[in-house]
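In what follows, chain A forms one complex with chain B and a second complex with chain C.
Right after this comes the complex of A and B.
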């Protein structure tokens, strides 16, 4: 007999929370250069002379925090998109958000635009603008045929827009020089090489709003999995819930991609792994996925930094290499 | 009392309901009958508030449905669709507990009383033994009984005035044994609980065995309405389906049965 939801939620939050906390605390200590944490945190040493503190606070802590935020955002957005579309194969990138972001980033790289706004560099700004544009187009298309939000049209429009933006990206790349092409490739693979707290500070308010909406969405997503009509007869405003899901998950995805590029696999593998462990209830799956996503991406980044020192492999490569086979093994084992 | 007055509804430019009026007295079992495309399911959705009529109104105990808050309606009115496919592997108990959501605050988690209500509803539908099983592993009949249990859990603790259970072709996807099972279950529920049942179906014999009154819909209009014995006549069956049928009382079943015999001369009015 299943224990009550409250107890299952507390156990899941405790377990995944401890995992995420351990990853965030331990990750800055790992790397090609070993550091002394006591020395790094010693306030009596001048920062300019304290190499351990510089490595800890400038090189490792920002990317660990970025990894935690991006991992949590992509995993939770994956859960929300899967619930909204009633499709377990949906990812945060299915509806064209990442392709729009990528087009924005590619345009900035190829034009060499460097203008900054509020201290933010041009590439994250352009990628967030691109993702917002893609979201607006997909939403307008999904609204055009129905008064409400057609999830079928959302899905088809998103997939088509993905292909269209990919073609535009190839077109832009065709005119880029070799140096820009390399930067584009690095960005498209996904990387946590943030090297400052600025992108994190810029993305954090957006993610905070998105996570606030996610907390409210967990129960409506359970009902939406019965279908929109059945959900409506259980007392929820289906249109409001669908719009809230679409926009909050899109904002979370756009913010995450603007920080680290389109890191693949986190948004699909984490929700599935979590469901295998805690069941289908979104009230447990959503927060658990956010915490596990944070721990997973931070862990993958440690592997990326330490696998072939001094070379740092892009973390997007590691998520796919680790995640893909593990996910397939789980599927076969479960079957 | 659930009442529809001069309800009209269109999908785009295609009119589906054309001035439908009907009354469902409290505690009754009312069937909405008609051929495919006659507007049965649409009428049920309008009665449930899922679709808003383009003209006319639906009222519950004299109060216009559109003026009632969604959650208040959900606490008094539950809908059982023809089939339920879940996107994820919820357990049977989790599905039944979803019926309690209209009774909870925005961030409230169901408590022991809600779990007890869900388990009682599962027991009432003979599905208590499945509570830890994934819903997707059940047979069609078992799934339908679990969804009816979720509806009962939803209606438990309804405010004054009793509750309404609306079922859309609940036996359409079921074999004969499961049809009988669902029919028996609904009769028992109506006898044991203060629930008013409205069922849309194209199965005349299922309706004859279950319903005290019928509303016959033809091309979005009410062809006939009243007590089952008065409405279920060979003439109405002919007008509705274009079929000559024998309508007789079956002694062992204890209700009317309809046996189609031949296509009516001149074809169907469809």
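Right after this comes the complex of A and C.
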């Protein structure tokens, strides 16, 4: 890495890192109720009696951490998919991962299937299984014709699979009763109120692996953005890079969706916003997007829980309300 | 509209045949025609083929003696047992217009929000009864209104009075006892405190809770349902958590679902082991069995009052 890039990277990491850290530290202080922080952090009080501590550690802290992880995962996966598909409109949900996850979750909700596996509830498990299935189908289709990954086939297969799964979801919803339908719609909007560390702990290893691959991917993505042929002549193994990008971003997306449902817009607006600020070099864009995505989603969640207490606005609504107009502005400005 | 037009046509038809037979005495004719018209009108207004798309209305029709005229019900109807053999014609979101028309009903009970269906039935000349979801008081109003609509006013008045008296009996029974702050949950994700839907301070679940001698932790939220985040549940400190479900759970699953609440160990209901499951359709259908449903809730809140 040459010195100017390293300097830019350090500046970006410092800035976005500080932002993410500030969001994570400050977010648990805000909420629909006011708590006494000294009481909440007083270890001499028994936890079972300490309402302030429970609000802090059971309600707010897990959802802040969930927001940070999910925001980082979706934003980084968005960067990787945009780079892999060489399409600025790609999102973590473009290739059918979220639709597969949604189908899994909807099936569990309608059938009332509740089998848990090592203490994990059925909905996140089924949603992760659904996203894995979608990834496998898209990969098999995109590989079938060329041996390598054709990004065009990936894109078309993903978009078609999205539509197909959406139709299956409607079909499943048709058989659901009112209460289930309500829960399905709620799941589809996304929600960070995990109220336990369990879903975060379950997703963390998957996200760690994905982020590890992302770290390696930054340079290959820079070259892939020139096109597969040009990238090949610059000495990278295009197939390996594409595969690594596809699977790592899919795993990150599947894990994030299993924690919080398909929260929209984070995966598309954060990468674009970050590129506007730091340029197009993936070595800087990838880590910056992860940090800024974390800060953004944690911030949106604070808005969601304090906007109209005691009722909460679904965080997916906030990201879309903030993200939608911004993205349109970006589109028009760029066009 | 359809019924009125049909009635007019038939009434005049009978009237004219009456002239042929009783033509000599004008006065007798007028009196008889009037009598005929009244009796035909009554017979006409007592529909012979009723379809109900609302489980609560189906139960009401059976409770006021109109069950024999019900020819089809919604896909969610389970009570009374007689409905099991009846034809199903969809529900709120998927009414099957074709099958409804094929059954030639003279009255269809629909949700007030089914405006498309209402228009289609009106075009087909079929009368509708529009049901609006409301509070516990509205159950009585609906029964009386429905009774008037199917010409069973007396039976309906009797049924409504019985419900009223039944609810009063429960209110008296729990009167004077401390009213526990209750979280009334009617939906959440399995094995997690996520996506918790609870009754707000409006609607018939809230009214049942109050009649059963409880106080709603969300009394200040003036709507039927509240999506209760974990922070909100912790902050409101309910003394009783009551989960209403349409279907029961096997014992170990039930145990596991109750144990999930231990994550919120500072909640008084959890500490006092006052988390209850009531798996009974009587607590969720705003029909004539609300008295029994309310009593189930009252027994959970005040077991000592029913010893």
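Just so it is clear, the second predicted complex is superposed on the first by the 325 of 335 C-alpha atoms of A that agree within 3 Å, B and C clash if a C-alpha of one lies under 4 Å from a C-alpha of the other, contacts with A are read in each partner's own complex, and residues count from 1 in each chain.
What we mean here is this: contacts are C-beta pairs under 8 Å (C-beta built on N, C-alpha and C of every residue); 3 or more make two chains touch, one makes a residue touch a chain.
What you see is a predicted model, and the numbers here were worked out from it, not measured in a lab.
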| item | value |
| --- | --- |
| Chain B versus chain C as contact partner of A:186, first or second or both or neither | second |
| Touched partner set for A:223, first chain B, second chain C, both or neither | first |
| Touching partner for A:234 - first (chain B), second (chain C), both, neither | first |
| Partner chain in contact with A:326 - chain B first, chain C second, else both or neither | neither |
| Footprint overlap on chain A, where chain B in one structure and chain C in the other make contact | none |
| Contact footprint of chain B on chain A as seen in their complex | 1-2, 4-6, 9, 82-83, 86-88, 215-216, 219, 222-223, 225-227, 229-230, 232-237, 275, 279-281, 283 |
| Chain A to chain C touching residues, read off their complex | 31-33, 47-51, 53-55, 58-60, 112, 114, 116, 121-123, 174, 177-179, 181-183, 186-187, 191, 193-196, 305, 310-312 |
| Touching residues on chain C, where the partner in the complex is chain A | 76, 92-94, 186-187, 189-195, 197, 218, 220-221, 226-227, 229-232, 234-237, 246-247, 253, 263-266, 271 |
| Parts of chain B lying in touch with chain A, wherever the complex brings them together | 45, 48-50, 70-71, 73-75, 77-79, 81, 84-91, 93-94, 97-99, 101-102, 104, 106-107, 109-110, 112, 115, 131-132, 154 |
